[in-house]
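Below: a set of structures, written as structure tokens.
In the two complexes that follow, chain A is the common piece, with chain B as its partner first and chain C second.
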Partner chain A sequence: MTRRRLPEWFVLLLPAIVVIAAVVLIPLVFSLYSSFTPYKLTRPATLWKWVGTYNYEKILSDGKFWAAFGRTVLFLTIVLNLELLLGLGIALMMNKVTWGQRSLRTILMFPMMFSPILVGFQFKFIFNDNIGLVNNVLQSMGYNAALPWLVDGKLAMFSIIFAEVWMSTPVFAILILAGLFAMPRDPLEAAKVDGCTPIQTFRHITLPFLMPFIYIAMTIRSLDVARAYDIVQIMTGGGPARRTELLWTLMSRTGYVDSRMGLANAMGYVSIILSILFTIYFFRKLSAARAQIGMAG
Partner chain B sequence: MTEVNLSNVIKDYGKTRAVHGIDLGIEDGEFVVLVGPSGCGKSTTLRMIAGLEDISGGEIAIGGRVVNDLPPRERNISMVFQNYALYPHMTVRENLGFSLKIAKADQTAITKAVDEAAGILGLRDLMDRKPAELSGGQRQRVAMGRAIVRSPDVFLFDEPLSNLDAKLRTQMRVEIKKLHQKVGNTIVYVTHDQVEAMTLADRIVLMRDGHIVQVGTPLELFNTPVNTFAATFIGSPPMNLIDGVVSGSNTINLAGGLSVPVPSRVRGLVRDGQKVCFGFRADNLMPVGHSVEEEGEKHELELTISLTEPLGTETLLFTDVAGNEVQAKMLNPRPVRPGETMKFQLMLDKCHVFDAASSEAIRG
Partner chain C sequence: MDRNQTYRNRKRALNAVHFVALFITMAIICIPGLWIVLNSFRPTVEIMAKPPVWTPSFTLEHYRNMFGGAGEGGVPVFSYFRNSLIVSVVSTTIAILIGMSGGYAFARYRFPGKAGYFVGLMLFRAVPGVALSLPLFIVFARVGIIDTHFGLILAYVAMNVPFTIWLTDGFFRQIPKELHEAAEIDGCTRWQAFWRVEFPVARSGVASAAIFAFLTSWNEFALASQLTRSVGSKTMPVGLLDFTAEFTINWGGMCALAVLMIIPALVLTFLVQKHLIAGLTFGGVKG
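So, the complex of A and B:
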């Protein structure tokens, strides 16, 4: 009697397959499956009831979901652009620093070292309408009203954006600075001789060279910001009255507060499309920019 | 008319002085080569003319206009860099036309100038490529093209050939010379390679340690070096130098027991007991029977060959004189074995005598 043996390649790959299955595959399949059920955390039996695309239909016709979706896109757009502009500015200035640049670089990265939860708490205090720092400063300067920073819809959105930008601008600054360090000096001098003003040199020579670095930062940050949760949860909890509700706060509310996990998972899958689209967009841009400066290949 | 005038130009980096008050007048249409060993200040001088380095003292004038405080873009110069410095994200066409585009020239003028430059340098087939897709020689041509397009007053070349292989370098050298004949602009060219300097220059400026050592035509520098540095830097192989002491008024006793007569040119300019450096080129020390018969003072020496370097039309013979390597040249060569002793003719009137203490040439 001969025992059947597994093929060698399979045996060798088995550890990797087991790990990937446990970490990625099973949660993925499970969550995908549960998005087709009315799964409620409080009633596990509901996991076995198949409702087809009911959850998806419900989401796609749900105004609250689309509001959160749109708000996330808006949040993403504003935050990425602000961080890009500020990061670019900081990197350009840092590049001019000749003394103490290393220490400055380290200090620059401090905001990234804090837990987002703590940053959230910090800004929640800073923007508090009674005891907050901002209102205190405003009042001591003679402005005689307490601005409802975290209560008014627009101001709350502004406050969250402010905190997010404060925390993550260094990502852009550091990546762009790396780009500036890698930049050859000769073309800059050639541009000077060719008659460029400093602004023209930046526009025609420096910026094209930095674009790949900018797109890498954009890709990383778009994934990061698209799943923004902690700062928002701490500062406003998606409120007041859902005015700062983003996709992930909505999902966590649906999944854990309302216990409707099946529905929350379906939301997750719809919103993943957003991340995928952003990633594809930025990667296209990235390879185009790389090809442009002759880095591709 | 575009002359370039440097008067007492100084460059300090912190406390170190890189260029010590240089005076140099370059005429319109002249091809001047700054040459010297690395660290001699030649590139710094060029970059000061370009405006890429501030000057710490003195005055630079281009076409009669003092440009000390003008940025590069207002000096109407163009520069070819050692590493080509092409714009990596632009095609050859865009690279060539960039300076005109920045100057807001109209499109037809740009197209015309670019096409003309491309024609001169044979770049027409490469116009839509990016620098990364070009070979070293092609990139160098694009860099030159970019310089021509603007029809500047002065061309500046900063060691443009040092990144090319030997064959390409020779080829590009010819192209640069042709280019100068064609466009006729003033050119300032920096190199550490004396062969480039000799072949290209109308006038050579030899520099060392931030000072100008000698200025002159290539042949002036070759034939009448002002000191031992100029003598050994210009010419290949370098000039043979042997220490010696003047004895009486007519003889120099060289190290190693040889003695030669004082060349008639310097007779009366040396005194008994003066320490000197006796110099002559390999071309002026030839085996008897293998030299070109020449009129003039000659002196015969007997030397033992230690090494030979056959080059085809000539062979370099190495001999050892009291620890100094002395090279001689054999025309119409026959095979020579190391260890062989041969009779040599030294062309005395082509020999140089330098004062040992100051290294300066003693010349009548």
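So, the complex of A and C:
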């Protein structure tokens, strides 16, 4: 009997595939199934009752769900764009620094080592309406009312966006800075000789060169968009009165507090698809940018 | 002459703007973290004081309470620290071994559907922790590994493998193929060629991938908060919640635990910051 040997690459890849299949794929298949049942943790028998697409119909006709969904998409759009712009700005500023750049870069990495939940607590503390740093400073400067940072809907959203941007901008800044370092000098000098203004140089030479680095940052970031869950959960828990409710907090409340697992898993699937769409989008952009750089050199 | 003067003035003004902007940026980055460190040394009365007290006074009260494990804010910090350490170290080690072999496969072999495999693996990383925690909670409860180190380690390994593959793939790709070919001509097996020649070259890169994985496990909250319940398996991010009561939060104690959490992360990140950036960009650009 001759045994067919598996190709080497497959053997090398096998452990990764096995672990991911066991820990991610199987639970996901299970949750897909349970999203078609009225499964409740408190009543295990409900797992075997098939209700078809009832859960999906229910969440799709639920105003609260759509509000959270829209808010999540809006939140991600604002946050990713802000992080990109600020990251680009910081990287350009850092690139001009002539001394102490290394230590500045180290400081820049500071927020990256913070646990998202820690960032949440930190800003909950700083934005606290009674004893928080922000209000204390405002009051010491003579502003007398205590701003309800985490209690007012709009201010709470602002606080959350601030925390999220604080945590993730350095990822962009550092990767874009790496791109600036790798940039060849000749085209810049040629542009200067040809009489380009700094803005033209930036627009037509620097930015196209940085594009792949920007997409790398975006891709890495999009792998982990749901990190914001930790922050929101800690800072406001989706409140006040659902004003900062994102898809993820709504899902965890439905699952763990109301213990309606079937419904929560249906929401989970919507959020998974959302994340995967983000990731695929940036992966495609990344390979397009890569092809561009491949042509350039 | 006049034009020279205005030009010089404008340049000086631009420099000043640049300096101020940079200073403000750095301040915004630093102050929240420093505020936490500062407050871990302030007595609770002072943290809660209204109107605010700006002259700092120094106390080790929160650290003493935390490590004493008794009294108000008595949180079993040592157990949490130990759990975090065990879970992070073991899951990192396993994830690196698995990820390295996967990354090597992507960097060195050509096979059908390679790009598909790669993106497929990455997509599993994109599954939000909260969404995964629901079914994982149910499955782990069925299998009976909920609230154990083993369950959490398993989850973190699966979480870290895709990203480790991305990073190590980038590093192995940088090593010229000729190196292991030469070693094989000299009589090494493929395995020896890898272990004796390629691994030492890529070692720093692998180390930074390891630290990235370590930090992910060390800081993770969404999964840990559901998969761990008792003192025997709770990790530090989950332990932070112990300082919150229904309506009050023990800010001083929380800041002290936060400092304890940041220190290892800080040290590790300083060690590898250079390789980390190189790994991420090479993995992406040359993929």
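The working rule: the second predicted complex is superposed on the first by the 258 of 297 C-alpha atoms of A that agree within 3 Å, B and C clash if a C-alpha of one lies under 4 Å from a C-alpha of the other, contacts with A are read in each partner's own complex, and residues count from 1 in each chain.
Heads up, the rule we're going with is that a residue touches a chain if its C-beta (ideal position, glycine included) is under 8 Å from a C-beta of that chain, and two chains touch if they have at least 3 such contacts.
Predicted model, so just to flag it, every value in this text is computed and none were measured.
**Q** If you stack the two complexes on chain A, which partner ends up touching A:85: first (chain B), second (chain C), both, or neither?
**A** neither
**Q** Touch check for A:74: first (chain B), second (chain C), both, or neither?
**A** Touch partners of A:74: none, neither chain B nor chain C.
**Q** Considering only the touch criterion stated at the top, classify A:22 as touching first (chain B), second (chain C), both, or neither.
**A** The answer is second: A:22 touches chain C but not chain B.
**Q** In the overlay, work out which of chain B or chain C sits against more residues of chain A.
**A** C
**Q** So, A:60: does it touch chain B (first), chain C (second), both, or neither?
**A** A:60 contacts neither chain B nor chain C.
**Q** If I apply the document's touch criterion, which positions on chain A are contacted by chain B in one structure and by chain C in the other?
**A** 293
**Q** Which residues, counting only chain A, touch chain C once they are in their complex?
**A** Chain A residues touching chain C: 7-10, 12-13, 15-16, 19-20, 22-28, 30-31, 34, 41, 90, 93-94, 96-97, 104-118, 121-126, 130-131, 133, 136, 139-140, 166, 170, 174-175, 178-179, 182, 212-213, 215-216, 219-220, 222-226, 229-230, 248, 251-252, 255-256, 261, 264-265, 268-269, 271-272, 275-276, 278-280, 283, 286, 290, 293.
**Q** Across the complex, what residues on chain C touch chain A?
**A** 18, 21-22, 25-26, 28-33, 35-36, 39, 47-52, 54, 97-99, 101-102, 104-106, 108-109, 111, 117, 119, 121-136, 138-139, 154-155, 157-158, 161-163, 165, 190, 215, 218-222, 226, 237, 240, 249, 251, 254-255, 258, 261-262, 265-266, 268-270, 273, 277-278, 280-281, 284-285, 287
**Q** What residues of chain B sit close enough to touch chain A in their complex?
**A** The touching residues are 50-52, 71-73, 77-79, 81, 83-89, 98-99, 102-103, 130-133, 146, 150.
**Q** Which positions of chain A touch chain B when the two form their complex?
**A** Those residues of chain A that touch chain B are 184, 186-187, 189-197, 200, 204-205, 208-209, 292-294, 297.
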